[in-house]
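Two complexes come next, and they have one chain in common, chain A, joined by chain B in the first and chain C in the second.
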Partner chain A sequence: MDSDKDEGETVLPSQRPDFADVIPIPQDDGPNPVVPIAYKQDFVEIMNYFRALYLKDERSPRALQLTHQAILLNPGNYTVWHFRRLILEALNLDLLEELDIVEKIAKNNTKNYQIWHHRRWVAEKLGNDATARELQFTRKILSLDAKNYHAWSHRQWVLQALGGWEDELDYCKQLLEEDAFNNSAWNQRYFVITRSPLLGGLKAMRNSEVNYTIEAILANPENESPWRYLRGLYKGDSESLVNDPQVPSVCLKVLSVKDNPVFALSMLLDLLCHGFRANQEFRDLVAGLSPSVPDEPDSDLAKTICSKLEQLDALRANYWRWRKSSLPRAIQDSKN
Partner chain B sequence: MAELAADKHVKYIISVEKRKDSFENVVMEHLRMNGVYWGLTTLDLLGKLDAVDSQEVIQWIMECQHESGGFAGNVGHDPHILYTLSAVQVLALFDKLNVLDFDKVANYIAGLQNDDGSFSGDVWGEVDTRFSYIAICCLSLLHCLDKINVEKAVNYIVSCKNVDGGFGCTPGGESHAGQIFCCVGALALTGSLHHVDKDLLGWWLCERQVKSGGLNGRPEKLPDVCYSWWVLSSLIMIDRVHWINKDKLVKFILNCQDIENGGISDRPDDAVDIFHTYFGVAGLSLLEYQGLKAIDPAYALPVDVVNRIFIGR
Partner chain C sequence: MADTAVAQRRTTVSQLDQWMVQDQVFRIYDLFANVPRAAQTLMLELQRDNHLEYLTQGLKQLGPSFVVLDANRPWLCYWILHSIALLGEPIDYELENNAIDFLNRCQDPNGGYGGGPGQLPHLATTYAAVNSLVTLGGEEALLSINRTKLHTFLKRMKQPNGAFRMHDAGEIDVRACYTAISVASILNILDDELAKDVGNYILSCQTYEGGIAGEPGSEAHGGYTFCGVATMMLINEANRMDLAGLINWVVSRQGVECGFQGRTNKLVDGCYSFWQGGVFALIKRLHVGVPLTFSDVAGDHDTDSSSEGEDTAENLYGDDDTCGHGGDCSSSSHTKIVGHPEIEPLFHSMALQQYILLCSQVQGGGFRDKPGKARDYYHTCYCLSGLSICQYSWSRDETSAPLPRAVLGPHSNLLEPVHPIYNVVLKQYHQAHEFFSTS
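== the complex of A and B ==
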């Protein structure tokens, strides 16, 4: 496949003696097509030769080269990738070299579904031989775009199918140090603590994770991701959420600073809805936040929070109004 | 405030088809079936579907059908579930589903269901909740949902639910507004919305609205007109659309128009394309913008087209 990289990428099939026997076949767009396609000349030629070999089902080295050329011109053409896999299977070639080729193509097309699917097909065939390489490859792509959805999907598949969990939590930590707002890295962190066979699962990880998350919240209280992560750590266990003193405490700390109180207020509201009893300190802090909302009695903390959020988060005023109107009866009665 | 340049958009859609030399068209060759769906659904929402020759389109669509029953993105390409739904949707637009052998198409789709209930996109086995939606939507339009194991299909989608209330492409995948549309849509079409935590998901979805009024697809990402469709349709299906600021979103979409030459882009002042033109117009339709046909949030087809299929004329 070395020639794939040399002449294959540049010389058109009409200029190559080894393609002299192939009669190119043009795309049939129908009689007077709805969306007539304008084709660039090189692309037209390569695709015409591709169609010829594809229809003959010629699984040969030259067909493999041609698929490479066609993919470079349009990596989205899934039929070309399909045919390439059939050829790779038929010729029984070294698939590690195929990973090299895919890597080169992927660098400029990191959001193309076909490339990632092809990559997985190759990795699956290689099995454990591919583990370290695939983790490294996705790291490389994520270093260019840390939220690339395809790269994350591929990485999760690699971990689950081939393993390599050992460094994953550290990797998440590293990415969150680079960008604490990276929701993909928070998601991966949750994926690791709940699914890694090397860790003890959500409950075993909860304490250390709560500490980690609280630090992240205090550093950036306006960051949506760690607040949601914190809720996720108590998935299906609101009693523990309410009874863990660290959760109201982080709300208190953020509210004391007064900047960016929206997510802290929202968490406090959730706590109240789950039965948390707030003391005077909470009431004073909430009351002290501007803008003031004079119409709520001071004793009705949950309602006051909703009114503040209506103002502070005006885009979602309707959501907060709905929260206010649907507060659990228990809160309304006890004037929490 | 700018208004919807409806006539310009009609002209733009028709001109995309005729523009020679455009690299966009070369790259689109293999997904022309999607392009036709985006373009023609937009025309229908604008009340101008009669600007195209339906006979020609239908003939071309049927040439894209493979012996397996699935449709390809273009003549001579391989079949894929993505293009099969677009083909069925476009035939539905023209009230021509009767040209199809329902069993044949349905068997192709049913054959893509895996043991765990998920769906592959084609014979090569890529799995994604996008394909679950496509399979369910397509089979529902053909009245053939009984060909698959719906319970397993639903369970797989539920296994992709995250703690933020959203859904990813596979279990553990990050919540993403596009995947959420697919999962909520599939659950809506199978009467399984009780699996959705509507208040939690609704909050996550309305958090997607940013100061400019536009919607993003994940936290801390840029707004993009396409999410006007993915986020809004999901919010409507779970009955929480009033939680966002509609006026600001309308303004954002209208600001993404090319007022002179027609078409809508992802963000203000970017280049327009057919994909974002569809999502912009479809989003405005969901926002009940004047002069547009209503679109069904689950089937992604005009409401009158869906009614024709399920209620008759």
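== the complex of A and C ==
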């Protein structure tokens, strides 16, 4: 594998005596291809030699080197990656070294499907030996881009397939302390509390999670992420949502400040749609929000909220009008 | 606890990035607001000639930097050909033949298309190749697709859990499901075996936020949401999703910049004009979310309902999960007012058109993610697709001509309508549909 790093990256196959027996195969683009790419000469040569070994299905060390060269020039070529895996399997090579190679390529290509798929394949082969390293690797990538979709998917796969859940909730907490607007970290938190075998699942975690989330909401009421997370904590259990006094209470607190009422109003509307009975305090707070909407009777709180949202969240006026027109009859009828 | 609160009040990376983009966008809107009306019209004008030139040039020759897309050449074909078709422009005869010939060289002897000649067949490039050929249309293009072998390839990619792999030993995700089912549907080779359990997989990817993720557990994302919803419609299982949650999530992705973001608290990007905007066109086909002036004239528009799966969800807030308390949940969101030719989209179509034309459009041709970024063919395709979705978003369906007031800018901005499930120009979809239902 040393040679894979040393000569593999620099010397072209036509200059190497050990490739003298290989007859390069050009790409079959036809006489007048569309979207032709003005390839550089080294790319053409490497791919022509690659094609020759790929078609021969030659699973050899020199073929492995060639795949490395080809991948460096275009890490998106899934055929090359696929062939590389066949070779790695055939040669039964040390896969920890493969992780090093992938890591180097990944640094400049963090949003490439093939690299992450390859890494998952290697980690799966390594099993538990890879757990700590993969968690560390994704941490490193996420420290550069905390919302990298592939890195998060990979991390979730590692946790589920190989384990390592112990510190995950702390990791989420740390990321959210750094940036409470990081929705990927909220999503990961949800993943942990619903799927970690070390925790008791959503219902067991709900109370402490609601407290945590409410604190985040009160710190930044304009942050959509914790509002969505709060709803998520009651997914499939609207009865608990309506009966937990903490949810209307956080709406009340945010509405009293009047700065960022949109998410609180939206949450309150959902509560009402699910059967929550609002008292006069809610009605007064909503009615007191500007702009005033004289067209709705004070008693019809859900409609009033929709009308307020139509004004306050004008980009979504059509949506709020639609919500108003499709309120469940249960609350349309409960006009005191 | 107190520390956490303090930390959360500090300006974060997300906020900083957001403010920088917002600032740039608002500067463009301020400029727009302060120029004379004639200049405004000019700013809003779709630069048809420049776009066409940029697109045609790419079809003929690409520079060395495109080497990183060397395994995506059918995608380059699709992005360019579909964009040209959206502009309503013909492709010259020679280029058309060259495209058919080239794509045929990407076709694997055992079915499916790879990213270039001789590459492994891949579902995404198969989707791109098939949509390119449907867009070109005509017997030669459509007959060049080996449907029998393609069906074998699709079956080989099918997984026991219902989902699909992208290629042999490739990744499994919602993209793979959409591209497989979309291709099977448009070629009229979608059968029970291919459709089996794919709905369960998509459902397992709908997150607590309401949108759909690439894999179970991942974050709700615009691209995967489009793919998931379109797949569910093609297999007639859209009603199994939490549609109320879905609509609430997708409608919330349109931001102060007027364009769409792909995920909660992420930055605006022109390509989501289609991935998110297109979801509204899909939802419209479910006959939900269109209460105000919706007219239900049965039969006059869903001539192809059997193949593309139009199902209806009469009341989003009427299922057990979303409407708990005993009330009569049958109150209808499906008001029938016969005779109205238009409906109101749930998103802000004018705002989105403004973002596409003023922020994503590059005057010299092509479209980009956001101001400060370079144009590319991917964004050109999905910005134009999103623009078309907007222009027809008031129409009851894609076959009725849009009202002049639905089109932002001069009327010359009007694009061809698309079939939102496949994202091919509607006319071309109909031709392929007819061709494959008889052959």
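Keep in mind that, in the parts below, the second predicted complex is superposed on the first by the 334 of 336 C-alpha atoms of A that agree within 3 Å, B and C clash if a C-alpha of one lies under 4 Å from a C-alpha of the other, contacts with A are read in each partner's own complex, and residues count from 1 in each chain.
As a convention for this text, a residue touches a chain if its C-beta (ideal position, glycine included) is under 8 Å from a C-beta of that chain, and two chains touch if they have at least 3 such contacts.
No experiment lies behind these values; they were computed from the predicted model shown.
Novice: Chain A superposed: clash or fit between chain B and chain C?
Specialist: With chain A aligned, chain B runs into chain C, so clash.
Novice: Taking the superposition as given, does A:216 touch the first partner, chain B, the second, chain C, both, or neither?
Specialist: In the superposition, A:216 contacts chain C only.
Novice: On the superposed three-chain arrangement, identify whether chain B or chain C touches more chain A residues.
Specialist: Answer, by number of touched residues of chain A: C.
Novice: Between chain B and chain C, whom does A:196 touch in the aligned arrangement: first, second, both, or neither?
Specialist: Neither partner.
Novice: Taking the superposition on A as described, I'd like to know which of chain B and chain C A:260 touches: first, second, both or neither.
Specialist: After superposing on A, A:260 lies clear of both chain B and chain C.
Novice: Touch test for A:131: chain B only (first), chain C only (second), both, or neither?
Specialist: A:131 sits against neither chain B nor chain C.
Novice: Applying the touch criterion given at the start, work out whether A:240 contacts chain B, chain C, both or neither, answering first, second, both or neither.
Specialist: Neither partner.
Novice: Can A:325 be said to touch chain B (first), chain C (second), both, or neither?
Specialist: After superposition on chain A, A:325 lies in contact with chain C alone.
Novice: Where does A:43 make contact in the superposed view: on chain B (first), on chain C (second), on both, or on neither?
Specialist: It touches chain B and chain C both.
Novice: Now that the structures are stacked on chain A, which of 3-11, 21-29, 129-137 or 327-335 shows chain C clashing with chain B?
Specialist: For chain C, the clashing option is 129-137.
Novice: Where on chain A do the contacts from chain B and from chain C line up?
Specialist: Shared contact residues on chain A: 27-30, 32-40, 43, 51, 74, 76-79, 82, 85, 113, 117, 120-121, 147, 149, 152-153, 156-157, 181-184, 187, 190-191, 195, 224-225, 228, 231-232, 235, 315-319, 322.
Novice: Taking the touch rule as given, give the residues of chain A at its contact with chain B in the complex, in rising order.
Specialist: Touch list, chain A to chain B: 27-40, 43, 47, 51, 74, 76-79, 82, 85, 113, 117, 120-121, 147, 149, 152-153, 156-157, 181-184, 187-188, 190-191, 194-195, 224-225, 228, 231-232, 235, 315-319, 322.
Novice: Enumerate the contact residues on chain B facing chain A in the complex.
Specialist: 16-23, 25-32, 35-36, 39, 52-53, 56-57, 59-60, 63, 72-78, 80, 122, 124, 126, 162-164, 168-170, 172-176, 202-204, 206-207, 209, 211, 218-221, 242-245, 248
Novice: Chain A touches which residues of chain C in the complex?
Specialist: 1, 3-5, 7-9, 12-15, 18, 58-64, 66-73, 76-77, 80, 94-95, 98-99, 101-102, 105, 114-120, 122, 166-171, 207-210, 214-215, 217-221, 247, 249, 251-252, 254-256, 258, 263-266, 289-292, 315-318, 321-333, 335, 344-348, 351
Novice: In their complex, what parts of chain A are in touch with chain C?
Specialist: Residue positions touching the partner: 27-30, 32-40, 43, 51, 73-79, 82, 85, 113, 117, 120-121, 146-147, 149, 152-153, 156-157, 160, 177-184, 187, 190-191, 195, 215-216, 218-220, 223-225, 228-229, 231-232, 235-236, 238-239, 242, 273-275, 315-319, 321-322, 325-333.
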